[in-house]
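Order of writing sets the labels: A, B, C and D. Residues in every chain begin at 1.
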Amino acid sequence: MVIIMNADATAENIKNVIEAIQDVGLTAQIMEGAQQKIVGVIGDKSRMGSLAIDAMDGVEKTVEISKSYKLASREFHPQSTVVDVDGVKIGGGNLVVMAGPCAVESREQLFEAADLVKKAGAQFLRGGAYKPRTSPYSFQGLEETGLRYLAEARERTGLKIVTEVTEVEAVETVAKYADMLQIGARNMQNFRLLKEVGRTDKPVLLKRGLAATLNEWLNAAEYIMSEGNPNVVFCERGIRTYETYTRNTLDLSAVAAIKHLSHLPIIVDPSHGTGKWRMVKPMAFAAVAAGADGLMMEMHPNPAKALSDGPQSLTPENFSQVMQGLQQLSAFLHTSGLEITTL
Amino acid sequence: MVIIMNADATAENIKNVIEAIQDVGLTAQIMEGAQQKIVGVIGDKSRMGSLAIDAMDGVEKTVEISKSYKLASREFHPQSTVVDVDGVKIGGGNLVVMAGPCAVESREQLFEAADLVKKAGAQFLRGGAYKPRTSPYSFQGLEETGLRYLAEARERTGLKIVTEVTEVEAVETVAKYADMLQIGARNMQNFRLLKEVGRTDKPVLLKRGLAATLNEWLNAAEYIMSEGNPNVVFCERGIRTYETYTRNTLDLSAVAAIKHLSHLPIIVDPSHGTGKWRMVKPMAFAAVAAGADGLMMEMHPNPAKALSDGPQSLTPENFSQVMQGLQQLSAFLHTSGLEITTL
Amino acid sequence: MVIIMNADATAENIKNVIEAIQDVGLTAQIMEGAQQKIVGVIGDKSRMGSLAIDAMDGVEKTVEISKSYKLASREFHPQSTVVDVDGVKIGGGNLVVMAGPCAVESREQLFEAADLVKKAGAQFLRGGAYKPRTSPYSFQGLEETGLRYLAEARERTGLKIVTEVTEVEAVETVAKYADMLQIGARNMQNFRLLKEVGRTDKPVLLKRGLAATLNEWLNAAEYIMSEGNPNVVFCERGIRTYETYTRNTLDLSAVAAIKHLSHLPIIVDPSHGTGKWRMVKPMAFAAVAAGADGLMMEMHPNPAKALSDGPQSLTPENFSQVMQGLQQLSAFLHTSGLEITTL
Amino acid sequence: MVIIMNADATAENIKNVIEAIQDVGLTAQIMEGAQQKIVGVIGDKSRMGSLAIDAMDGVEKTVEISKSYKLASREFHPQSTVVDVDGVKIGGGNLVVMAGPCAVESREQLFEAADLVKKAGAQFLRGGAYKPRTSPYSFQGLEETGLRYLAEARERTGLKIVTEVTEVEAVETVAKYADMLQIGARNMQNFRLLKEVGRTDKPVLLKRGLAATLNEWLNAAEYIMSEGNPNVVFCERGIRTYETYTRNTLDLSAVAAIKHLSHLPIIVDPSHGTGKWRMVKPMAFAAVAAGADGLMMEMHPNPAKALSDGPQSLTPENFSQVMQGLQQLSAFLHTSGLEITTL
């Protein structure tokens, strides 16, 4: 940490800051600038937890230098991690696709979707059994019945199942049926839930919060990992900005940033990221070119009849066409050596 | 709902949209614009849940007209609600102040704070026993021990206790000790938790999410109310914007907006809203002038030694001075008839 | 400036950074952290202009310590400035009100507005003669004809005239008619225009850009002041956020921040800040309580017939009522010593 | 336009709204919803300019249906436009690259850069002669001298020249030397400047404003086109969000959106869009995959000595490598039919 003193800080102010630092067993080093003094803090950052230097007289602001996440950080783990979901590898040059309807609506709808997803060449079936909805009066999901349909669809197709878990009480149940647990955007800082999935042996797909910084997102992964679960995959799904034409603003630079800051894989969800099915294909292509390890896309046998998120769902025909393009693009990047792995 | 068709939508497209609406028992009405046709949907909105009109061919976008929250809406409940917290009234012209440290750190710290809060004339003691923190390695709170200290501080001072509950499993425990349950910004859309506090008989203080729209916030209140708990108080605590000088951007216009859209009381937290103790006084004064029903402020016996949020905590001296000013200002607004109640 | 090196920066990297600093005549000081080295730069910051330290190998990021604005800064000018506009003082405890229609539409409309503004006790008449509009097909203002009407309204009422100048070519003309030149939000970083008004002898009202940081805003004032014009008054008018209920998000904490960072006066425009006439009164009261030196408000003799910005304009009756409240509130704050001047 | 009345609007309110619409020669059509009435307005939208329906009693809000831009709209011009810059075509399947230093610093620096840009296969040399800078004390550009160097570099290499014009007075001068005029982000709503470049015969590169909506951006193009200049190319360069890790948030979904809403070409600037040279390659690849018609990238012979924007500049080696990758990727997309042209 670097402490920047006010231009008019007194010698007494600086002395107090230094003593506070030394009191918790850390070392202070002073740097005299042209207008302002700066105090550097050296030693184990966790000891600073009990100090609020910013509140001391004469302090203008403090700047954090070291990162608060370690297990998720590439600095401490230079080699890229490949997450194995019951035999399907995420990371390491494989393009993984997770597709399916927003919500599990019925056995028929899910089976129809699963067959289409399988046929188009994706590896994962997605579908929400627990749906977090803005309004309490919207469709909230089929819950355990939905999970059972998902498990049946796995039997039928061999696809892996990824589905959202929205509450601590449901973690055990969801883990019984799913191959991968999804933490949704609204729960990215539901720390209790993060810890709970961190205690399971299922890989976790961690969506970015609606307005989460990269730093908060990396720390959310740290919550899961610090409980013993090393298998975390990030999913960029758009952030909230002032722009209203798209549902969210898909931040593809997050793919590059996460690859630089972390060793964990990252996939992209262009369906939620844009909210418009027309934009799914160009954004899916862009995500792969930017180095994403996979995609999550909404596909519905009949989008106009979807119980949620219809406008952003691909039809089976669109989806099949997007899949073919993605496979060609991915193969080209791989063979031509243009694939972006780290930076 | 109003459905805006593309300029090049065909008669067939429009026919399909109308049929889809009629299929669920609603009435469609067409309006022919200069360039585009518009289809209005009349009837019980909840029937639309199963339709994704946006995904149909020829549809440009849909515009929602009616509100998805009812119990929280002033339209359905014109008279302003006064929430009674064990004898202390929030709303109806009383200025309520909730103050105390960010976190309960020790019995001594809390008692010292409680005595100061009481002496300065506030009605509520605040203090976190469960602390949601960005990093898993930061201080996470004293949990039930902290709750016991809060209850002891109530015995000692007569102050009401408001404290955050961060997980479903803790609701019962927190409700045992606290007079009012606080839902923090990160949990504003933790729908399972909202429902759980909605099933208790304790009033709920609902903080605005980090990047929540007013509509999402009102719907979060609806989640609580639809479970049977009518006693919800909003708390504006700043929203996330591009500005970095302040920790958040305190949105005081939310006070006026909520008073217009809802009958529930709203208070303001200028400590989290700005992240700087210097700004607490001007923003507290502004909140009261704008019509807020109360304030939540962080005060710490020794901010520089706070385990969290020191920079935004007032010292006892500052706090006492702010309280005196607030009481004078509130009395003036009341007696002069300048108080803003609804708009 | 403080330079934070990567955790894996080599000794060679650090040597190169130090040499680059020394090459431009500055001093480098190294601080060894637990995980990372930090290099402090001491000396005249302007010499750093020719260095892009961030681009050097081994550098993680640089943190700017000193401010790039001086003339606008309170550090270099501790005493609050009072701007005198032909006898009307802005700052120093006077509440100044600027009111009138968004646009000058006709002589009759303006005179009617001016009489109402005068009668209600405001000191300035506002009204746009040059209107920057999103669409080229919207009403763009009466230009010099509008300026003449404003000057006539001054003759008639004694009100001071503040009006926007949107282009360099019009500065001389606008300065001929107006008492105070307004720089609008869209031109806050039109640096050529800032310099031009900086060369006039008219006080300048500098609105905050749509998404301008406080730092950018203070530097915009510095552009004007560095050309020789010391009479700048800030005007907070709301910033762009994700919230769509209000036209902008009025950032009243900017009032407190500017009073801390600068010696210049600041007023608030709750009309543009909210976009809703209902919210003007509560936000105007809040601004005054927060320490604003004045207000700018839109009032139209007949808002429903306004050529622009009707929804946010007060009717004459509303305006008169708001003015009475403001005068009472301001007098109370003054006499009770609760007025916020600096912090 | 659709007018949504309050739930408690009276018959009188609705009558007044209808009369106001009819008074300006438009037709009103009423739709009775379950809770609220809606009034549709039919006819020539420009007649609405003189009405502020939102300000009328009983009106909740108005929703604009038709677009305010026409010349820039794909609805009115379904075929994609190819902009010809003195023989180099932008749009229509050609990948155009504009590269060079942020600022023209000296003849030597520019010539060295130009040779590298040419050798790597780009078609345009970029370089600022007029630099808009946040602080008045930063390097502001070589002005006409810089323009002369750019023209000399064109002679030397055959590259086309694109450079920013920041003020009306300089348009004629810049147009004398440059092949394409750039409007920078800070001037995207400098309407006077837009009109001025609209009166030249030079193609215009229109960067997106710091926090501009797509609608505002399209209207800015309309300002240029409505003065007679049809040759406008959009340039996405990142928008301002709460995220601070990147300088801006590059919004690649804008590429898809603009291709849908407009017939004009769009290129992407990943250098300003991210502020980090490491991210330029992945974001450049992503932009091309998303369907961008070209790229603008900063390359500096020696980034660490750049007078501005060093951290985001590629070295000659990086640039050359990125260019090779882009050419391969672009060729692959073209030959495989995966290129995204419209959607």
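The rule is simple: contacts are C-beta pairs under 8 Å (C-beta built on N, C-alpha and C of every residue); 3 or more make two chains touch, one makes a residue touch a chain.
Fair warning: this is a prediction, and the values are worked out from it, not measured in the lab.
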A-D or A-C, whichever has more C-beta pairs in contact: A-D
Inter-centroid spacing, subunit C versus subunit A (mean Cα positions, whole Å): 38
Distance between chain centroids, defined by C-alpha means - subunit A, subunit B (Å): 26
Between subunit D and subunit A, distance of the C-alpha-averaged centres to the nearest whole Å: 30
Residues of subunit C whose C-beta touches two or more other chains: 211, 215, 240-242, 244
Chain contact topology (line, ring, star, complete or other): complete
Complex contact set, residues of subunit C against subunit A: 2, 4, 7-8, 29, 31-36, 38, 40-45, 63, 65-66, 75, 211, 240-242, 244
Subunit C-touching residues of subunit B, taken from the complex the two chains share: 211, 213-215, 239, 241-246, 249-253, 255-257, 260, 273-274, 278-279, 281-283, 285-291, 325, 328-329, 332-333, 336, 338, 340, 343
Parts of subunit B lying in touch with subunit A, wherever the complex brings them together: 20, 46, 49-56, 68-69, 132-139, 166-169, 186-187, 189-192, 195, 209-211, 215-216, 219, 222-223, 226, 240, 277, 303-311, 313
